[in-house]
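The two complexes that follow have subunit A in common; it is paired with subunit B in the first and with subunit C in the second.
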Partner chain A sequence: MSGVSAADVKKFIVSHLSKELESSGRMLNGDPPDDFDLLQEGIIDSLGMFNLTAELEEHFGQEIDFEGLDPEEMTIIGPLCRYVERTLRQ
Partner chain B sequence: MCAIRLLCETTDEKSRLQHVLPWIKAAGDPYYDWFFQDDLTCNKFLCLWLQNPQSEIFIGRIQALFVGPQIAGGFIALDGEDLRKCRITDTKCLIAKSSLEQRRKILARLALSEGLFLPVSSDEYYLSKIAVDRGFESRGYGSLLMDMYLECGVKSGFSRYRLDVCVGNEIAIKCYEKFGFKTANESTTKNGELKYFSMTYER
Partner chain C sequence: MNKNGSLADGFLDSATYYPQHNAVFVDNTFIRYDELYETAARIAATIQQYTPDPEPRLTAVFAYRSVTAFSGVLGSLLAGNGYVPLNRTFPIERTRMMLERSECRSVVVDMPSIAQIDQVIVGIPYRLLLVFPDTEDISQLRDKWPQHMVIARADLACSGRWTHTQPNRNDIAYLLFTSGSTGIPKGVMVGHRNVIPFVTYMADRYGITDNDRLSQMFDMTFDLSVFDMFVTWEKGACVCCPSQKTLMKPGKFINDLQLTVWFSVPSTVVFMKRFKMLKRGSYPSLRWSLFCGEPLPVGSVQEWEKAAPNSIIENLYGPTELTIACTLYRWNRKESIDVSEMGIVPIGDPYPDMKAIIVDEHLREVAEGTSGELLMTGPQMTLGYWKEPARTSQAFIVPAGKSDPYYRTGDRVRRAGPDKPLIYLGRVDFQVKIHGHRVELGEIEAVIREESGLDGVVALGWPETESGAAGVQVFIEGEYDSIETLRQKVARRLPDCMVPSRFHLMDKLPLNTNGKYDRKRLIAILKELS
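Take a look at the complex of A and B:
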């Protein structure tokens, strides 16, 4: 069982996306709110969504099945982090 | 006697899907073939998308051309804003319904095809798919479908039209040019395997 928390997942996502954004001179708030939608805010696009899922799996060393996550919540930081936490604990 | 009707208003769901799958696949090739790399994966996702009301290729969006009781072809058209939302939904479906291995392959394809299709603006009426069934080819139904697509656009208040077509599809390109479309841009996948023209028309 993984000891990864939603806060750990969020920390990784923010760190990963901040690095990605750096090249285009943009920044991501260090502590985005729970309802922060990465897609609506223009932080990621379709390719970015795929990249993020791959990076999450690589970083936490486990395949993550996203089928149980409501597609509407796939890019919203709070639900996404909690889903990854639950999945990694199973 | 020809008539255009929404496909969802006719026949049962299972037969609609069986009829439409090869049609939509042909309309999306060579991109679909290139993107999915195998028929099984391609058919799996096309079926999922066809049944999802938020998808770009939802079966309910298909305007089908009926010749008597038979379907001779059809098209899907939507505005740029709808298209953007639909493509996001379709991407989320890809993420949710693919294995880790499939996701890696798709990610690589997405990276290679970044920029292949230019964004469509909300005031453009985008021809997402158009195809004539095999048994009805070379009888002018392609032109009839184009007429119907433009007519749908006029009825919805559009004056700007957009489509993407594979550079090698000369028959389709000639047909689009006949209707006044002009090549606005040429894009290529990063490995040079696919080339598409973006064509526009303003009336």
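Take a look at the complex of A and C:
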């Protein structure tokens, strides 16, 4: 059982993606809203999503089962962070 | 299909026989053959009206997963021009360079790409025809670019004014830019005479009918998209193009659209496995599953065959220079595992009209069972590189004892015996596959050298994966003030998959016994760091 909160997950995702974005001269708002869609904002694609999940596992030191994550919500920051929080707690 | 005809002939036939059938699913809408024909013919008539006899005979299509992307490709071909796909998800500077180097006189643009058009056409010294087939109000653009001809939807010529023009034997069907080792992308000229045999063979081999639905996972800047569109239209089938959002849920797309033919890079399988989209029996509608673009891991095929139990799986191989794909291997559950090497599915045998030889570094054929570089020739061997005769003659050569030119694939292969399939072993040079994209490490190095002013630069595919690499890291010899600034400059010139994730500065780069940068040693350093 982990004490990781959705806010921790969001913090990591924002910091990780910010670093990636800097390389192309773009920015990610420090606290994007819950319904912020990383895909539609052009921040991530399927390859980026794949890499992000690997980074999340490495950072939190635990395998994450993405089975229950609705593909519709996969790239939306609020649902994504809450999903990772729930999964890490199981 | 007439072998001296146009790549668009199959579409025209299908539009005659099946006008009411769906030709494309895009933007969540089905478009019928008669509708697509109407728009394409209007675009073609407009191009013919404003740029009669253009030199070169090329039209750029700056559109992404939209109706205009499809009608633009067809419109260019119907006008008698080859098409040059441009992609707004690429860095603008790269798109601008492709347009400039192609010297297209006409550009078809979809609405979402308008945001980039100013930066893409800036500095073009000649008059351009800019066609916006899905945009009503373009007065701002007209005011801004008085030197160019700007055409909105309402200004398109009538389809009745389109004049059917048959291309000449060596005319270009499409010009596709691929990564080049000098820092400048190479334009591969693919002729109608190269692509028509490919499309004909594929459509017949897979028995495509007007009941089929094919996937379009590939962007048009990737030549595998030519299979998706033109194999579909050859037989009156429907090509189904997911939106950028839907690319994240390919499994749902297969089932929602009841696709019958699937074609993707193997990385998509890895992605789908990761997100648990490969459950047993998930995709019963698929009758063919085709993979191309990077080495196909045995593990991925085994996952896929469980999820799509009614489909036959084939692994296709081919560089852009040999027109999309030129060898293939049919997966067989009983035998294939034994003939696969290093967990990678064989690339099989050349297409019936294509010839392959395996040579050593002196371009002499090797003995059976020995590995060497794969050289191929045949009707699919393309016309060479756009305006680069030197590069063309380096890559398209006549080997000793042969009378025909062959294309040097740069791929290392082996055939264990006369009845055995070709096995792919890796790149001869420093090209790597990063998630299906062919990347010349030399191009990345060249860009970094230019931007940093430093000479000692080595780019490496890292971390290594079964099918190539997951990304790029770079070593630079010397000192540089701001890596961050350098990274930004590089990212403005290279697509995301080519931008290094890490820059390592070293006082001195290690050299090997030949006095060259020691890549093995650098790989060892990366291993230590990871």
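The rule we apply is simple: the second predicted complex is superposed on the first by the 90 of 90 C-alpha atoms of A that agree within 3 Å, B and C clash if a C-alpha of one lies under 4 Å from a C-alpha of the other, contacts with A are read in each partner's own complex, and residues count from 1 in each chain.
Here is the rule we use: a contact is a pair of C-beta atoms (placed from the backbone, for glycine too) under 8 Å apart; a residue touches a chain by one contact, two chains touch by 3 or more.
All of these numbers come straight from a predicted model, not from anything done at the bench.
> Between subunit B (first) and subunit C (second), which, if any, makes contact with A:69: first, second, both or neither?
both
> Kindly classify A:39 by the partners it touches after superposition: subunit B alone (first), subunit C alone (second), both, or neither?
Both subunit B and subunit C are touched by A:39.
> Under the stated touch criterion, name the partner, subunit B or subunit C, that contacts more residues in subunit A.
More residues of subunit A are touched by C.
> Quick one: is A:49 in contact with subunit B, with subunit C, with both, or with neither? Answer first, second, both or neither.
A:49 contacts both subunit B and subunit C.
> Quick one: classify A:57 as touching subunit B (first), subunit C (second), both or neither.
first
> Quick check on my understanding: which residues of subunit A belong to both its subunit B contact set and its subunit C contact set?
39, 46-47, 49-51, 53, 66-67, 69, 71, 74
> Under the stated contact criterion, what part of subunit B meets subunit A in this complex?
Residues of subunit B touching subunit A: 87-89, 91-97, 99-100, 103-104, 106-107, 110-111, 114.
> Taking the complex as given, what residues does subunit C use to touch subunit A?
Touch list, subunit C to subunit A: 89, 91, 244-245, 247-249, 251-252, 267-268, 270-271, 274-277, 435, 470, 484, 487-488, 490-492, 496-497, 499.
> Contact residues on subunit A for subunit C in the complex?
Residue positions touching the partner: 22-25, 39-40, 42, 45-47, 49-51, 53, 65-67, 69, 71-72, 74-75.
> Within the complex, which stretch of subunit A touches subunit B?
Against subunit B, subunit A makes touches at 39, 46-47, 49-51, 53-54, 57, 63, 66-67, 69, 71, 74.
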